[in-house]
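Residue numbering begins at 1 within each chain, and the chains themselves are lettered A, B, C and D in the order written.
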Amino acid sequence: MGDNLKNTYLGAPARVLEVENLTSIEKLYTLRFLDNDINNKFNFIPGQFVMFNVPGIGEFPVSICSSPTRTGYLQLCIRRAGRVTKYVHENIVEGSIVYIRGPYGNGFPLEEMKNSPIVLVAGGLGMAPLRSILLYHLDTQHFSDLYLFYGVRNYELMLFKREIRTLLRGYYNVHVYLSFEDIDRGARELIRLYRKSIVRGMVTDALEVLRGSVPFEESYAVMCGPPVMYKFVVKKLLDLKVRPDRIYMTLERRMKCGIGKCGHCIVGTSTSIKYVCLDGPVFTYWDVLSTKGLIE
Amino acid sequence: MTMRKISISELSRVEGIGSVEIFINGKKVRDVRVKLIEGLRFLELIPRGLLYKEVPGIVSRICAICYASHAIASSMALEKALSIKVDRRDKMLRELLLYGELLESHALHVYFLIAPDIYDELDFIELYKKDKSLVKEGFMLVKLGNMLREIIGGRPIHGLNIIPGGFVKRPSADSIDKVLEITENIVESSLILERMLKCYPEAGPMEGSVAIATGDHYLYGNRLITSTGKESKNYRVILEEQTEEYSHAKSALHSGRPAVVGAISRVLLKEKFLSREARELLNSIEHDQKYITYNVICQGAEIVEALERILSILKELSKLNVETHIEEPYPKKFSGEGFGYIEAPRGVLVHHYLVEDLILSKANIITPTAINQKSMERAVHNHVETLIFNKGSLNENDVISCAEQIIRAFDPCISCSVHVCFIK
Amino acid sequence: MHYKKLPKEFLEEFINRLRKWGEVHAPQKKGKNTYFFSRLDDPSKVQIDYTRTVIPPTKKYVLRPVEPLMLFHGDRAEEHTLRTTKLVLFGVHACDINALKILDRVYLSEPRDPYYEIRRKNIVIIGISCMPDDYCFCKSMGTDYAMSGFDLFLHELRDGYLIRVGSPMGHEITWNISDILEEVSEEDIEYLKKFEKQRLSSFKRHVDISAMPDILDLAYNSRVWERYSERCLGCGNCTLVCPTCRCFETYDVWLSVNTSMRVRRYDSCFMVSHGLVAGGHNFRPTRLDRFRHRYYCKSYFDPIHGINCVGCGRCDEFCPAGIKHIEVLNEVIGEIYGR
Amino acid sequence: MKLKMAIFELTGCGGCELTFIMLNEKLEDILELYDIAHFKMISSKEDLHKYDVAVVAGSVSTERDLKVLESARKKSRILLALGTCAVHGGPQSLILDEDLEGALAEIYGKKVPKEMKIFAGTPISEYVKVDVEIPGCPPESNDLFQALVDLAHGVVPYKWDYPVCLECKINETECVLVKRGIPCLGPITLGGCNAVCINLGIGCIGCRGPLPEDVNIPSEYEILKSLGISEKTIKRKLRMFSKRVSLNDHEKNLYK
């Protein structure tokens, strides 16, 4: 871990190369640092995040959703959620300059997971950091098998539609399962085409449906989603016999610095104070057990 | 012949919300109604039950433009009620503060509200596009006034530093020196003011109105005096209450005649207090004193006066050793009744309190605009009638713009006016 | 350790000589009995036996309450450059010196905070011994004595001060002013022993911290938290004055239409927005959550530096609701012990 | 392109409008971003079409106020409530609807003005949706500046939630409450004023209104009571600037 960049709080200027509308509230930004040196040097682990600094407006943490194997650019999927992200959606366009610092956080322990099956459980925007692992696997065949469970309200709100549809069609050792709470037109179309891969309901329902078909006992599980999701998914995974020490999750807190100074992301009690930005954002189930308040 | 009604639904470039209705029957004006229709603020009822010290800070909320006048009038009334002494240095500071407020309020009125009339613009922003220097001069004066309100009053608006007995904290020597330097620079520079006021047209004859002011000192006093020669320590002898069903402000009369207060009354009744510089300005401008527009000329003179006074008081203060921390003044009595008379920028302001066991039990406040209300009607009345007489016919827009200009010349502050409550 | 003695009559001279190593800042008085560190122009103004300052000097001078971080002109950004002066903090208490070590751990761990680092490097710390008042409980926290973290530390003697020299910088100072220093005598050591004994027996408040982190953790659902959080105003005074609390907020301020400045300022975990994340979810939605969080954060047992609280008593002294940190802890602990 | 701004005055002391003038040099910056289409206090201009930003100052106290407010809302994209009267109701909100008749009789006697319907002073958010709130009596002109520049750039202005105590501590002022026993509403009052009053040595009187979310009135009540202040005075102090402060059953006839 550490800082690839010189200035701790300012970051390095980067140009927006492309903006793609993913849904009505999420956009994908492709960026490249102005300084080529940094582009070459910039290296990260899936699960890490950067601070996205908009001059004069503010700064926020955002997970990197491209893969470290694809160098020279950086992709960030940003949801319109508040002050700065609203500004970004409305005013940051192709050619805009923003400042990026990082990568920060621990990232997923990929070495440990090598050659095992992996289960990715994503809820809503939680797909963003998990896409990084997905792409990494596509490029390196890091895991023996990759099972993606992606729960989203409806097709309209689904991220990375093109990529996921490609994978749904069938890809060597990548298996994609989707769950929709509401069946809109897109969802209906998907159900028609890939009936076996789509479940109506929550992501936990999808996991349940696949009980017996996915080797949960040997798998690593990684999850990311809205705060309310964790409790239920962890319970389900344990129920499906995923080993407790193989459950990983990436969490979110308010962050003003990203480097363990500002104190906003501190969680835990007298025996277990943790900084989400330094000790996380990737945590294990063990961390959750020993740190009160981590997922609730 | 039928009655015509001309109305101005909302006056512009005045402080607060007011409207005017003029009823005309043939060549005669039947009635003029100035309606001060801003919502009620109840500021005489609200501070009841508070500790006496806290009252000036709350009643100052009557008006932002002259908050310090309210706070000082309130403090003076409480000092009388409870026999609280005021140190000489605090008296000087109060005077300085009042002059600062006078400067701020008059500069706002003359440069930002009246000047567009003189140069035929809709507002000072348009004026600024054509003539930066005039508006900048206005800002410079307003800023100085506000600076004084900040360092002495505690904040440019609604500062809480003013309490019965003086101040919580006196301004530091540094801040005095800083303002002194700024004031010196302004006094040395030559103002456009006089040139501008020379172009200001006359309007609004004031026959029949009685001028009222405080006695003793240019900005305050223990008694009220009038142009009819009457004087009294009891404001109720001078001012008679009256409620109009169409206005939220109670108006006041003197012996059945409309009263007028403000710069014009001060100059007419107390010219001898003015400095040479202020009198020079008055003499250099030809403007008939019988028109209310003369009020604006007097305001101009008072701007000059305020600058001179501010300079001399600051000079004196910078020589004194004014320590910032003071012992809190204490009351000698716990109950009592007291009046405070101040010349707020817009004229006579009366605060009258009853205190029981250091807690305020009753309050009565009379503000200048409420007193002026009847005179405004009278001036518009007179003017419109002359207009019809001179021109024969009547153009509604002319009437409206004239009436607005006349009322504006009074510098009404409607926010202030809507709290009148006489103790029965 | 290296020891020297400063005779009392040379105290002012000593302070004046310190100016060679930087601007001297020392405890001074405000109002009736409020103390704060600020530049000392007149050495006779120093409040040498002050109780505690509002903002701890060790926090105030390294982590400014409000500090510009960078400037933006359109999308051009530039770092706010620091012009630091060298400072000598004269009269720092042991608890604050120990607290600075905790701040150091946070701000000087990688990636370092550049603003903190520059300021930290430019500070000379001169400690001074003190007698506990009603609020102090540093003894319980093991922070009542500074064994490191200072350049010089003065201990009151009858006729002077025993100086402990804690760093090469400290040595440079004593070496330079050796003309006003003396050697420590047997009598001085006796006095020091007596002083320390009296100091240690003067504490009125105690808490047993040996198993505290675990006990508190187990008492997560204790009613004590609830009872006190009903009294707590959530004003954050306790965190702002704490020498080990260091949360900051950042925000952007417009200087004109197109230029702006990013600023950081002290923040407090008592603010509702502190635990808010995207989507409006709040991780500490109630005052109870926030109240408890502070106690947990302060009572965290760090494997290297021990407990996150140094027992300076500031939070107690400045709490408008009169909530006493140590009373709350003792009540929670007592409850688990089955009282 | 410049945005169009309109400023509307309801019932208040004029201080909020005055904060525009207090921007001094910065007013020029604002005029670079905005055209002022309507501002009765300083301008005779009348532009009654749509506005990008409508600034509303003062409380709703008359029928006329309500009409102005409703039309301001209809015509504008963003509505900004300026000042404690607009945000919280201001001092006039101490007189509740049920007190109104008595209060009017006390002021006017039998001849009560009939021209217009009078309400108890009410925050504007009770009638229309408010997008941005800048409380303060008077509001800080810098807050106004920041918000207007933010809006012109398309950013939502910050909404702070820290109390006066925070700034009081940052200034290292002597806490008048704990050190001198002077009643101070700082702990429950929204900060942003740089704790000016405490700098002078006076307790906060709560002119910026209560904290937006979690505000512990009962505890503050107990603190003031322990200073020996009478119940009646405390209630009045707490409710002085804000209708939002709830004192439950104590509220009736607060003014008497």
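We adopt the following convention: a contact is a pair of C-beta atoms (placed from the backbone, for glycine too) under 8 Å apart; a residue touches a chain by one contact, two chains touch by 3 or more.
Values in this document were obtained by computation on a predicted structure and should not be read as measured data.
Peer 1: If every chain is reduced to the average of its C-alpha atoms, which one ends up farthest from chain D?
Peer 2: A
Peer 1: Express in whole angstrom the distance between the two chain centres, defined as the mean CA positions of chain C and chain D.
Peer 2: About 37 Å, centre to centre.
Peer 1: Starting from the mean Cα coordinates of chain A and chain C, work out the distance between those two points in Å.
Peer 2: 39
Peer 1: I'd like to verify one number: the distance from the centre of chain A to the centre of chain D, where each centre is the average of its C-alpha atoms, in whole angstrom.
Peer 2: Spacing between the chain centres: roughly 43 Å.
Peer 1: Taking the mean of the CA coordinates per chain, how far is chain B from chain C in Å?
Peer 2: 52
Peer 1: In chain A, what residues contact two or more other chains?
Peer 2: Correct list: 56-57, 82.
Peer 1: Taking each residue of chain C in turn, which ones touch at least two of the other chains?
Peer 2: 251, 254, 267, 273
Peer 1: Among all residues of chain D, which ones touch two or more of the remaining chains?
Peer 2: In chain D, the residues touching two or more other chains are 158, 201.
Peer 1: What is the complete set of touching chain pairs?
Peer 2: Touching chain pairs, listed by label, come out as A-C, A-D, B-D, C-D.
Peer 1: What residues of chain D sit close enough to touch chain A in their complex?
Peer 2: 153-156, 158
Peer 1: Which residues, counting only chain C, touch chain D once they are in their complex?
Peer 2: Per the stated touch rule, the residues are 30-34, 36, 53-55, 60, 65-66, 230-237, 240-241, 251, 253-254, 256-257, 265-268, 271-273, 286-287, 317-322.
Peer 1: Under the definition above, what is the set of chain D residues touching chain B in their complex?
Peer 2: Per the stated touch rule, the residues are 9-19, 21-22, 24-25, 31, 36, 39-45, 58-62, 64-65, 90-92, 94-95, 103-104, 106-109, 111-116, 118-119, 121, 137-138, 196-197, 200-202, 205, 207, 230, 232-233, 236-237, 240, 255-256.
Peer 1: Per the contact definition, I'd like the list of chain A residues that touch chain D in the complex.
Peer 2: Residues 56-57, 82-84, 86-87, 90-91 of chain A touch chain D in their complex.
Peer 1: Using the touch rule from the top, collect the residues of chain C that touch chain A in their complex.
Peer 2: Contacts found on chain C: 69-70, 72, 74-79, 106-107, 109-114, 212-214, 216-217, 220, 245-252, 254, 258-260, 262, 264, 267, 269, 273-279, 281, 283, 293, 295-297, 299-301, 308.
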